[in-house]
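Every chain is named by a letter (A, B, C and D) in the order it is written, and numbering of its residues begins at 1.
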Amino acid sequence: MPMKTPDEYLERLKQMKPNIYIGGERVGRDDPRLRPGINVICKTFEQAQNPKYDGLMTATSHLTGEKINRFTHVNQSPEDLLKKQQMIRIYCRMTGGCIQRCMGCDAINALSVVTYELDQEYGTDYYDRFLKFLRYFQENDLVAACAQTDVKGNRVLRPHQQADPDLYVRIVEKRSDGIVVKGAKNHITVAAYADELIVVPTRAMTEKDADWAVSFAIPADTEGVKLITRATSPRPRKKFKAPYCEYGIGDSFVIFDDVFVPWDRVFMCGEWRYAGRLAALFALYHRHSYCGCKPAFTDVLLGAAVLVSDYNGILDRPHVRRRLVDMACTAELVYAAGVASAMYSEKAGSGTCIPNMVYANIGRRHAGLHIYEEYDIVAELAGGLPATLPFEEEFINPETAKYLEKYIMRRADVPAENVHRCFRLISDMICSAYAGVFQVAGVHGGGSPIMEEIAVSQSYDFEEKKKIAEYLAGTRKEFPG
Amino acid sequence: MPMKTPDEYLERLKQMKPNIYIGGERVGRDDPRLRPGINVICKTFEQAQNPKYDGLMTATSHLTGEKINRFTHVNQSPEDLLKKQQMIRIYCRMTGGCIQRCMGCDAINALSVVTYELDQEYGTDYYDRFLKFLRYFQENDLVAACAQTDVKGNRVLRPHQQADPDLYVRIVEKRSDGIVVKGAKNHITVAAYADELIVVPTRAMTEKDADWAVSFAIPADTEGVKLITRATSPRPRKKFKAPYCEYGIGDSFVIFDDVFVPWDRVFMCGEWRYAGRLAALFALYHRHSYCGCKPAFTDVLLGAAVLVSDYNGILDRPHVRRRLVDMACTAELVYAAGVASAMYSEKAGSGTCIPNMVYANIGRRHAGLHIYEEYDIVAELAGGLPATLPFEEEFINPETAKYLEKYIMRRADVPAENVHRCFRLISDMICSAYAGVFQVAGVHGGGSPIMEEIAVSQSYDFEEKKKIAEYLAGTRKEFPG
Amino acid sequence: MPMKTPDEYLERLKQMKPNIYIGGERVGRDDPRLRPGINVICKTFEQAQNPKYDGLMTATSHLTGEKINRFTHVNQSPEDLLKKQQMIRIYCRMTGGCIQRCMGCDAINALSVVTYELDQEYGTDYYDRFLKFLRYFQENDLVAACAQTDVKGNRVLRPHQQADPDLYVRIVEKRSDGIVVKGAKNHITVAAYADELIVVPTRAMTEKDADWAVSFAIPADTEGVKLITRATSPRPRKKFKAPYCEYGIGDSFVIFDDVFVPWDRVFMCGEWRYAGRLAALFALYHRHSYCGCKPAFTDVLLGAAVLVSDYNGILDRPHVRRRLVDMACTAELVYAAGVASAMYSEKAGSGTCIPNMVYANIGRRHAGLHIYEEYDIVAELAGGLPATLPFEEEFINPETAKYLEKYIMRRADVPAENVHRCFRLISDMICSAYAGVFQVAGVHGGGSPIMEEIAVSQSYDFEEKKKIAEYLAGTRKEFPG
Amino acid sequence: MPMKTPDEYLERLKQMKPNIYIGGERVGRDDPRLRPGINVICKTFEQAQNPKYDGLMTATSHLTGEKINRFTHVNQSPEDLLKKQQMIRIYCRMTGGCIQRCMGCDAINALSVVTYELDQEYGTDYYDRFLKFLRYFQENDLVAACAQTDVKGNRVLRPHQQADPDLYVRIVEKRSDGIVVKGAKNHITVAAYADELIVVPTRAMTEKDADWAVSFAIPADTEGVKLITRATSPRPRKKFKAPYCEYGIGDSFVIFDDVFVPWDRVFMCGEWRYAGRLAALFALYHRHSYCGCKPAFTDVLLGAAVLVSDYNGILDRPHVRRRLVDMACTAELVYAAGVASAMYSEKAGSGTCIPNMVYANIGRRHAGLHIYEEYDIVAELAGGLPATLPFEEEFINPETAKYLEKYIMRRADVPAENVHRCFRLISDMICSAYAGVFQVAGVHGGGSPIMEEIAVSQSYDFEEKKKIAEYLAGTRKEFPG
């Protein structure tokens, strides 16, 4: 039975070797600082069992016909892509943040396309290896991080030009039983509580970069792997507990210190011509996922903005409505771009459905360009209190609580505790390290707007538009279209 | 045979009584100032015969099963809506401007829904009347203007509160054979060369406004109708002729000076509760149409921007690419919103497919908010020459042409004439009365951004978002969704 | 000798009664959580002694002719205002954040104008009281908080309409020796380490609000005053210490629980007609101060952006230059508005120089509208590492430090420690609670953009512009100007 | 007596040889198509005689001590710069558009600096020549165009690299009595009705471009000069005449077909090292002038927006106020930048006052970035009628005028004619070729935003900001400032 429970997932984590480094020490997956992130992943096991979400949080494996967690599914149709987008939006609303598990899902989708294409081109057997891995992945309902972003050293040099060759992950040895890799990937979300690490290239490569054109999957506690982790979550609560504070995120510097990967886990090994293709495809799937999660982030911020405006008694003011509509439009334009990307998706040779490039990129870009504006709107509508709200302890200490409960009142019909909780939520959302992480992630996660601009610049049919102008100017006879 | 030719359309116009006022005189539809607008409409007859566009520019009537011009079709499915959007984009690319004929199409779609609902509510027979009209409309491949916007007088007063009761079109008499109406509608595109005028209310009404709750269709040369018209088109060319300059637009102040409408052409008569519904539905269909035409306007401006950047030799400069991508993103986000609006459309009681309210509105709004920015980008990339380009005559006069041909050169491999034509196109596009009309139309046509904000504000589920925030803050038990 | 040292200031703080509440306990001014904020204020004592800044950080008292700290000075000329602006910009660059002491300075300037005007209108002796206080203030080189913002309860009700009359600070008793006040002010920066609290109204009042029209100054540890404080500063460093982390800010909920104020410290007592004037004047001086501090905030963010772009090797890329110029323009437009506000200042009856209303407000507004954009730019140029940078401990632990020092390298000529310090600075600047506080303060501190819009809306000469249009349209004979 | 009357100016124009080409023919300065532009220049003679503007529209010559028209003055102090800025703002409000005469004024200011510096560097006598010219210029109250922008051919090549060497104006012969020049300058405002053409380089040059490093002044009807002119003005009125329609602008392609320039009119001849300096200084003075004219353009658009909002009865609506404030802020930030540029100006060797580089550029840039937005706001507030307003003839023809006067009514207390005139003004302002020209001029006139970005990028002290960051990060000991 391929669908697992949160407890089964937790049990697996407990079995793993401690290779997490955090706060100056080496710890296991049971370190409490990782718990908020783990809680997020547990949600994806829990809700897949919820009958209400059957067929949405779950899918039918095209390999086995069994019901599987949708996060382990390879998209077979536009409808699959639409459902993935919708599933992610709901999960992110539930946890108030990044659902994280899409990383692995987007990685297997990209690999399902490229391993097939590699075999077509080079007569290799990557696709078989991949399918074997996928079957294992689905049957055990695994969680994977996708380790893509290399540390990159000098940004204007290619991998083989760097002063230190390890600044991009590379193959240091090819053996009969597998390969040995070295280097580091950073910003790797979920790595500290994933079962598997799936490694893919971060960019297009030239022939001289062949040793850096490598892709594979390994257990996250493999010998030689070290996860130097920064865990972030809202300030923990003592008394006024709330779901928002139960969740968090962990990002790792993943060190590969001469790590051995057996051949059946290697999915690209020197085929530099396809490095860019794999990098771009993972990015494409991930940007389509962003067309689901980013609207949810907006939903959550927007919900807080609606709530505080309501408590402040200004919900019907035109300038407030205008700003709420601004947020709604941002969310739904991004979502609509995802829908169009799914509708105009195409079938790869392997049968996998590939989202439309232009629409997924403009959706992700639109989100990335507006993330700070969204915080600005919440700040504007909430007023200054999220920044100056006394600490939770002052609301517990009776000597001060009596004053705060009296003076925090807004509309007379809203209890002080609700006002307090509303502002504490917003304070956590916009005036915390967690907020800063989501702001930066909103810009860079899945590729910054400038990356999407490059993608659009390369894939959009500007030539057709030029021909329209030539036709209208009278320098081209035929209307092009 | 329901599909007509451009000539048949022109012949019909010739038969109409001269009730157009332009330049201080009363003229017929053969006045040359109307010709650029008429050329646009001819295109819709011509291309419907083009086998390449069969099934796109044409549709199958759900009344008769015959092939009809898609502009006379009532949408039966999401696919119909998608095709309408796509058809409009192509037509607007062909003519470099507004295709205009969607007005009537959007009006019949809205009427198909509301006349049915009126009958359900009041036991009237509006829907039968409408179907009879629709059959006639399709069989004769007619062109209709939709006359919606009343002149409105004092903007803060309702129809019945105005100093002059005629400031909104109203029923002045009900007779056994029909009604008599009075008032004026303005900004009515295509009226001066349409077969029919379809009149719908411009806003929601109260009970006291019942006499202003009226909808009907009449031939555009009906006794008492006067069309005071402003026609706009690019400067006509003497030698350097180009498709862009063949087309134009005509907008009319439509005066109803005690106009008689027979009962079988009356589709609403005092049912004030449905005035807002009809107004909003026409706006909705029209905003969905904008999700097709506005991307085409961007295509045309973008094409010109690509062309001039290419001639200037700066097409590959990062800041140029960035601006071109900005335009592409505007076009495709609007288009994607239209796609999502079609995908999430709903069936009305009459079987007509109604686009999703939120997505059509955010699409139209996004276009409206960016229209001036698009001209800004074209101006930025083209440089100052569109504003200072010598008149066409100077390029004909040999005494000056020799200098201009020498000094207008850019890249040595682009002939002077091409450069000249490119800049003349852009000068017509951004430094002409025609440009100003399209800028203002880009803001207000089909409803200004502020109207879409109101529509989104009323239809978006802000309450659900608030509940998400309450859940995350710990003041609501259940997750809402 | 009126200029004091940092130690003298610290000694004064030590003498004060413990009425600070923080983290669930009552503490004195020596609580370490207050220290980062206190360090900021110490800077203003230290640098006033720096010969390099003589005449800039100091001024000549118009009361005594003695050299005083400029923060205790009442502006007598446009040059004074220009110097205040410049002084603030330098201080904020030094501490990387809010200099805080302008609060009291802006309050005494506003009081110097309004107490004089009150006497002219009502024959009172407020101005004499004020001058006596001012002399004491200058002679002792005091630090004052300005407590303006009431907690305000229901935002759509006036003070006398609130369910609880204490939701605005009010006079509960007038006695022969003074008055008794009750209520609370929130968001009060510097209150927890100021000598004095200067209280001014938060808005215009009506006759029924006369009991709420009150202004006074009292020592911050007066009986009945409770300072419920939130202190914020960057994460403290263990090894990689840096000036940026030495400074912080403290904001207090200031509770007035039946606090007695002797008459010679009362500056307004029921004169409701002048409540709005005093509120607006404090805001005006404070917004002029923002035209000095906000450019410094930009300087600091911009400096970080330049530094990280340099380390990343992309400082000369056009898209990077563009963004850096965007930041420079924001800083300098705000500063220029302050300069124009000083140049077009006017003399009040008391001789105090009042900055121009329009320019101070548009300067502050421009800053407020762009604050989140500035963080966006820093995030864009820094990449994702500020969000995912491992904790400082991992850079200390030798087991992980060796990897991080290897893999954090950028340009080969920049040592790992510099790269690390650069990213840790930016992480503190944009991914911390401290960052969130400055973002919100950037929107709301000194009045949100919407407050400045109201101020501009009321003070700008729109009527003159309308007359210009009427003249050009031909409906007005004379050119207005 | 150095100040002339409009009639004396007109008389001078009449004496000039006909070398204007327009509409396919060669014409004299009395051609009616030039009259709207000439009317603008007449204004500058007329108002200099207006006692109300004495000392503002006039100045005292530093050469002769006589009262002169300020447009012929070389700035000697910050106050001069402030007055120039203010003068330009008033003139542009009077004419509703570009005052044009600043061109020559900015050119003589730049030449006064550079001719002096050339002499210092090379021991030449350019400054004497210049002073002789300046004396003649002031004594005769002359009008000059500044011909700077070369046609430039391929934008990525330098002058000497072009396929045709004439694509930048160049010296083709040096003779004992003077030089012969060839080439063309385009976008040259005022050339068709100026007394003199002052030619300056358009860019920095290399040694190989020495023949293109040339500056001189010649009468505009000199043998070999041909002015191919595009004249633009609002649509002329038949009945509803209005000041706005009396003015216009003329831009010329200026052809130099082997034109002889006597030595005493040559101000640079091969000194390529100073070509960039002269180009940049003219641009700097001109950008400072833009800090005066651009706010006036906003004043005019804003006035129209206020007027139409008032007629529409929505002047007090929050969303309307917001937009009006947006425009006011744009105008005043630009003006404030000009004020700061004047305040922080510096004395050149010649004694001329040079505006601050950074502030003049950020002011001009801010204007250029917002020009289209301003039209957007006017369009938003005016509604669609500017685009669909029937022609003037329909308001004259009694058959249609009766309807239009009835139906154009807004607030009952505003006469129909006023409403009509208001919308006709706005239609001319935003829906005409004249509008398009001002939009493009708003982007490119005096240098596009991208040119100002380059100027700021080169002149702003980014290094100082970087040092602040290094200090705060702990990698630099001393605070830099």
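As a working rule, a contact is a pair of C-beta atoms (placed from the backbone, for glycine too) under 8 Å apart; a residue touches a chain by one contact, two chains touch by 3 or more.
None of the values given here were measured: they were computed from a predicted structure.
J.: Across the interfaces B-D and C-D, which one involves more C-beta pairs in contact?
T.: The greater number of contacts lies at B-D.
J.: For subunit C, which other chain has the most distant CA centre?
T.: B
J.: For subunit A and subunit D, let me know how many angstrom lie between their CA-based centres, rounded off.
T.: A distance of 52 Å separates the two centres.
J.: Roughly how many whole angstrom separate the Cα centroids of subunit C and subunit D?
T.: 40
J.: Among the residues of subunit B, pick out those that touch two or more other chains and give their numbers.
T.: Expected reply: 319, 322.
J.: Considering the complex alone, what residue numbers of subunit D touch subunit B?
T.: 21-26, 149, 151, 153-156, 163-164, 166-167, 184, 186-187, 226, 228-230, 251-253, 255, 257, 312-314, 319, 371-373, 375-376, 379-380, 383-391, 393-394, 396-397, 399-400, 403-404, 406-412, 430-433, 435-437, 439-441, 443-445, 448-450
J.: Give the list of subunit B residues in touch with subunit C in this complex.
T.: 317-319, 322
J.: With touch defined as at the start, can you tell me which subunit D residues reach subunit C in the complex?
T.: Going by the criterion above, the answer is residues 90, 93-94, 96, 240-244, 299-300, 302-304, 306-307, 310, 321-322, 324-325, 328-329, 332-333, 335-337, 339-340, 343, 358-359, 362-363, 365-366, 417-418, 421-422, 424-425, 453, 456-457, 460, 462-463, 465-475, 479, 481.
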